[in-house]
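Below, chain A partners chain B and then partners chain C, in two separate complexes.
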Partner chain A sequence: MINQRFVVSISPHIKNGRTVRRMIVTTIAALAPAALWGFYQFGLDAVALVAVGITAACGTEALISRLAGKSSSLSDGHAVLTGLVLALLVPAGVPFWLVIVGAVMAILVGKMPFGPLGGAPIYPALVGLLIVATSWPNEIKSYVQPTTAPTELKVEGAADAEFPRDAVFIDPSDEAEYKTADLFMGKQVGPIGAISPLLLLLGGLFLILRRVARWQAPFGFLVGMGVAAGIGHALDPGGCASASFHLFTGSAMFGAFFLCTDWSSTPVTPWGMFLFGLIGGGLAVLLRIAGLPYGAVPWAIVIMSLATPIFDRITPTPFGKVASHA
Partner chain B sequence: MDISFFSRGIKLSRRVKPGKIERIPPPGRVVLPLQQGSGPPAEPSIEIGEAVKVGQTIARGASNSGADLHASISGEVTAIEDLHFPNGTTVKALVIEGDGKDTWVEPDRDDKPLIASPGELLERIRCGGVIREGSDTKSLAEVIGEAMSPRGYLSPTGSAVAKPVRHIAVRFSDQDPHLDALAALTATIGDETAELDLGVKVLATITGAEQIHFVLDNKQEAPGVDKLADDNDYSVLHVDAANYPCLSSPMVARAVSGKEPDTAFKRVHENGILVLDVNTVLETALAARDRRPVISRLITVGSLAGAGVFEARLGTPLADIASAAGQKEKIGKVVLGGPMKGLAHHTLDFPLTKEISGITLFAQDQVTMAVNDPCVGCGLCAMVCPIRLTPGMLSRYCEFSSWDLAQEAHLFSCIECGCCAYVCPAGRSMVQFMVQGKSELLSTRRSES
Partner chain C sequence: MKTLTQEFTKGLWEQIPPFRLVLGLCPTLAVTKSLEGGWGMGLATTFVLVCSNLFISALRNVIPPKVRIATFIVIIATFVVITELVMKAYTPMLSETLGVFIPLIVVNCIILGRAEAFASKNGIGRSLLDGFGIGFGFTLALAVLGALRELLGTGKLTMFAQANLDLTIIPLGEGREFLFKFMVDPPGAFVCLGAMLLLMNLISERSARSKAA
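Moving on to the complex of A and B:
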């Protein structure tokens, strides 16, 4: 044994075995129930769109890595996640090419220019989504009638509905007819993966329990939306739907648990995360009321992401330091 | 307000019942580095060829507070040789060839040590070669001497620079949950608390500490210790030691005083709180009463599969200890200390020294290699950092040599606990970045001044 040479490295000498890949796989698993519900509600079209989105994202990433002469990063699963999230955020009736363009853009513009994973200042899937949503504002609103939904849900006229504009298509005067419970259980029209607040909530809690995401940003986001919508509704019930309606429709839940908890595009400090979510939630309601054509929640989160470096400056006072010096 | 509930520190597994302490017989040859713990090396006080007995002083501590070094076996000093330390330095070491008789020096017992003056007690601690195990491994006499002498806390201008010790906290469990030597020691103390009692009183006499705290793991049962605390009005505190690093000195200091000490730059005692391991206290008692020096060390020998607690003479080759512990698999990595904070060494051909609190052996297939991928910004590290830093940011500053930004972000407050590296999914060598950043900043500061 004498003079045998051993490995030398800095402490700690054990790790909890967590890898980037495992965390992404967990995220995908957390999204799965909501995606499956979307498949059930919207049928094979939805399945095909998701498959196309994932394929396009992976293909683009592989191609660019190859052109840039870098080793492929496909194995960490991030391209799969990007394609999946993008496809889950569009309605089931959009043409295939729209999802392909979105996925290519997400990787080409949103991810690759910023180097390795962790560089992107904005969630890549949102970059792709907003590029296609802005370029083809009518195609993006190809909502489809879900399999189980209250009969009075009207898909017709989605394009010129009043609010909330990012996904739902109903008349404000109809609001009373929609049962909050139906909305919560996922009996509504919207983007493929975002119609079931219940399953998204469960997926989000799973992420938080597995310590892949922190609770502060989603909590802040939901509080922000709820408070902003509550105030708006109290001031002008005709112009702003109630808080529960805002929270359970569109991509609100999806945004809170899966977009506000991204890594590089959101803050990492406790108060930074909370305020990021809080302001983002308020902004999303504001954008909905102000009449953004599509994607108030994604837009709100993208805008907040640009301010992430500022939120990251809200660091806690380190151990043993006096608050005023922090 | 702190809204990071449920998230600081990490959970590590911990064995509930520590094993028995096994004694490893004195080896035939020992190598005793003149440097034991941090601080300057001691000066040899014997000649090569001289015969020595167990406990005989063979080197005198540097300056007037450095710990002495003693022969750990009886025999003949045969050489002074160079020894490479895991931290890269080379230190002179005395070699003793044993005569196999294990004869001790004449005991010089003082039955009433508490009557002695604090200065005398301090000198006995220094002569006993006691170092402050488990934290900065400085000579204990140096640490508490500073609290005693007026120079220690009055700068030339007369303003206080360091507070005297007001609390002493004694740790009865190792900081690293994978080590259990202290828990095993506590279990063997049982009701024989005379030495513990004496050690605490000696320390309190020297430092003038008003309050003594015993800090135990919440799974530990030590009725003797509880009774001692009860009789003397010491406070007993139970913490969840599996929640690493809650037994590190700053965390213990917070637990006993309710105030957080500043962790920037290693301090001698934090907020007037001196945190000591229980074995240091027992060594203090022996040095003060029996004038018995430190010649052996209690260590945990662990592999990820399990652990055992051993007592071995200083200078015993680590290879002997590892084989006594029955290590059979092919060893891939040797860590001096626990897996969270220990120092890796490239060989087992190294003697046991006072600062080694354990040996952790990893089989070849258990060795994890650092990946050091770029930070993905997941924020897990910020969630676990007990010092509430943003380690991901700090590591990026250090990675890209933005030393000043790192300093502004409180790099020096980092206690190098390794929690951030433990959780980092990108496999970054976080502690490496922190240590590198600190040494860069310190060396520029030195070259500027």
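Moving on to the complex of A and C:
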């Protein structure tokens, strides 16, 4: 009898000699262009917010590891990634304390109770983001006028300005003011790191080519958003913006490539990943139309993450499986 | 066998309901939006618990074992209805705050749990002390949880809304919206409860370790 030994572990499962740390560094590198574009568009405030976010996340993780008497897991870089993603998903005008609270909550509530890495049922940065977004619904919408943007984008105040953002598309008639090319090139108002669909797309493709992420979930998410927005637009052009508008604004691209591809909070099987993305994308459009005050894409992905165990039951047929063993 | 004092004090720490028995979580999560909701719910539950413990203990040799749960529910429901009507009459605002969770005391597992596990096996005196202890522990836990959430979420502490007894701890002004509204939202209850559980476990672990050393 062969002495079989199985190692039971949680995702990520893909093994090719690379370390978790290198996968996280690759993810951060893939985010870098979009982040740099955000820094260029929103100036030093954006840089400072990202620095604050990363520092707060790392500090919290180090502190909790110390209090819990565990060896610090800082070196795998996940705290850096969490802080970075959180800061990239808020607008450049938010106060510093908001990012700090968000980063602390992301690590304290979203990550550490579930183990150091790979156990979080919801993407930790999203936990932090949505906690601060529900606590301070006005501050989270402190959008800032970017350096290069079409002149007709008027940003006055925050919450009442009519510009694309990850929120209810209050008035789709505004859509005519925005050229799809401008939106795609990142000349728009939005969260620091999520305004450039082009750079996020390139970063996402880099991740997929480096095999850090799989293509199914992002593809499904974009298809889901596109189809849902297309149907909505065809049925009611006054109530739902077109598919390209939905896909190129808010944190849609960011969500597709960087949030839907998290290792621990999304399904692991190909069909599971695709359906996760597809339904998530449709849900995001639905939440935007039906009226969430903020963060349709983050909410959609969080809700889908909670259903991940169900998607994980969709397993491919094992090679050589027969109907029964009689 | 515990001493009579221990029967009472066990409910305050060793078997404090929401944290140690981890029972009665539904009202714990739902009504602790404010300090008032916390202690109001706690005292209402205490009254029902003490009375039901008393009656079930007194009738424990008469109740047929096969229908004991149904009998317990009838006894508990009687006192819940009394509580509900009295609260509606004398503390209408508190009654409105707690809403449907007052009638739901009937199915609160702390009460049925104490009836099944304690009152139906012990004498009247011990059952009364057990009821008071567990009830006060529950009240204490809910009040602390409610105070914490209300303070973080709204900056106030509502003692008794009907008599306008509330303290403003964090004064609010224009542009000073630093309050953590998440804490009064339902998910904030889970986070707060988790934090309290962690704290309790930490303290008892520390004290156990210092005893062993």
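Keep this in mind: the second predicted complex is superposed on the first by the 292 of 326 C-alpha atoms of A that agree within 3 Å, B and C clash if a C-alpha of one lies under 4 Å from a C-alpha of the other, contacts with A are read in each partner's own complex, and residues count from 1 in each chain.
In this section, contacts are C-beta pairs under 8 Å (C-beta built on N, C-alpha and C of every residue); 3 or more make two chains touch, one makes a residue touch a chain.
This structure is a prediction, so every number in the text was calculated from the model and none was measured.
*Asks:* Once chain A of both complexes is superposed, is A:F319 in touch with chain B (first), chain C (second), both, or neither?
*Replies:* So A:F319 only meets chain B here.
*Asks:* Check whether A:I131 is in contact with chain B, with chain C, with both or with neither, and answer first, second, both or neither.
*Replies:* second
*Asks:* Does chain B (first) or chain C (second) touch A:T269, or do both, or does neither?
*Replies:* First partner only, chain B.
*Asks:* After the superposition on A, what does A:F6 contact: first (chain B), second (chain C), both or neither?
*Replies:* The first partner, chain B, only.
*Asks:* By the touch definition at the top of the document, which applies to A:R211: first (chain B), second (chain C), both, or neither?
*Replies:* First partner only, chain B.
*Asks:* Now for A:L235: first (chain B), second (chain C), both, or neither, which partner does it touch?
*Replies:* Neither partner.
*Asks:* Return first, second, both or neither, reflecting whether A:V109 touches chain B, chain C, both chains, or no partner chain.
*Replies:* So A:V109 only meets chain C here.
*Asks:* In the superposed model, which partner reaches more residues of chain A, chain B or chain C?
*Replies:* Comparing touch counts on chain A for chain B and chain C gives B.
*Asks:* State whether A:T19 touches chain B only (first), chain C only (second), both chains, or neither.
*Replies:* In the superposition, A:T19 contacts chain B only.
*Asks:* For A:G119, select first, second, both or neither according to whether it touches chain B, chain C, the two together, or no partner.
*Replies:* first
*Asks:* Under the definition above, what is the set of chain A residues touching chain B in their complex?
*Replies:* 1-16, 18-20, 22-23, 115-119, 211, 214, 216, 263-264, 267-271, 273-274, 312, 315-321
*Asks:* What does chain A use to touch chain C in their complex?
*Replies:* Chain A reaches chain C through residues 97, 101, 109, 113, 131-132, 134-136, 138-139.
*Asks:* Inside the complex, what are the residues of chain C that reach chain A?
*Replies:* Answer in residue numbers: 177-183, 185, 187, 191, 194.
*Asks:* Give the list of chain B residues in touch with chain A in this complex.
*Replies:* 2-4, 7, 10, 86, 250, 254, 260-264, 304, 319, 322-323, 331-335, 337, 339-349, 360, 362, 367-370, 373-380, 382-383, 386-390, 392-393, 409-410, 413, 416, 418, 421-427, 429, 431-432, 435
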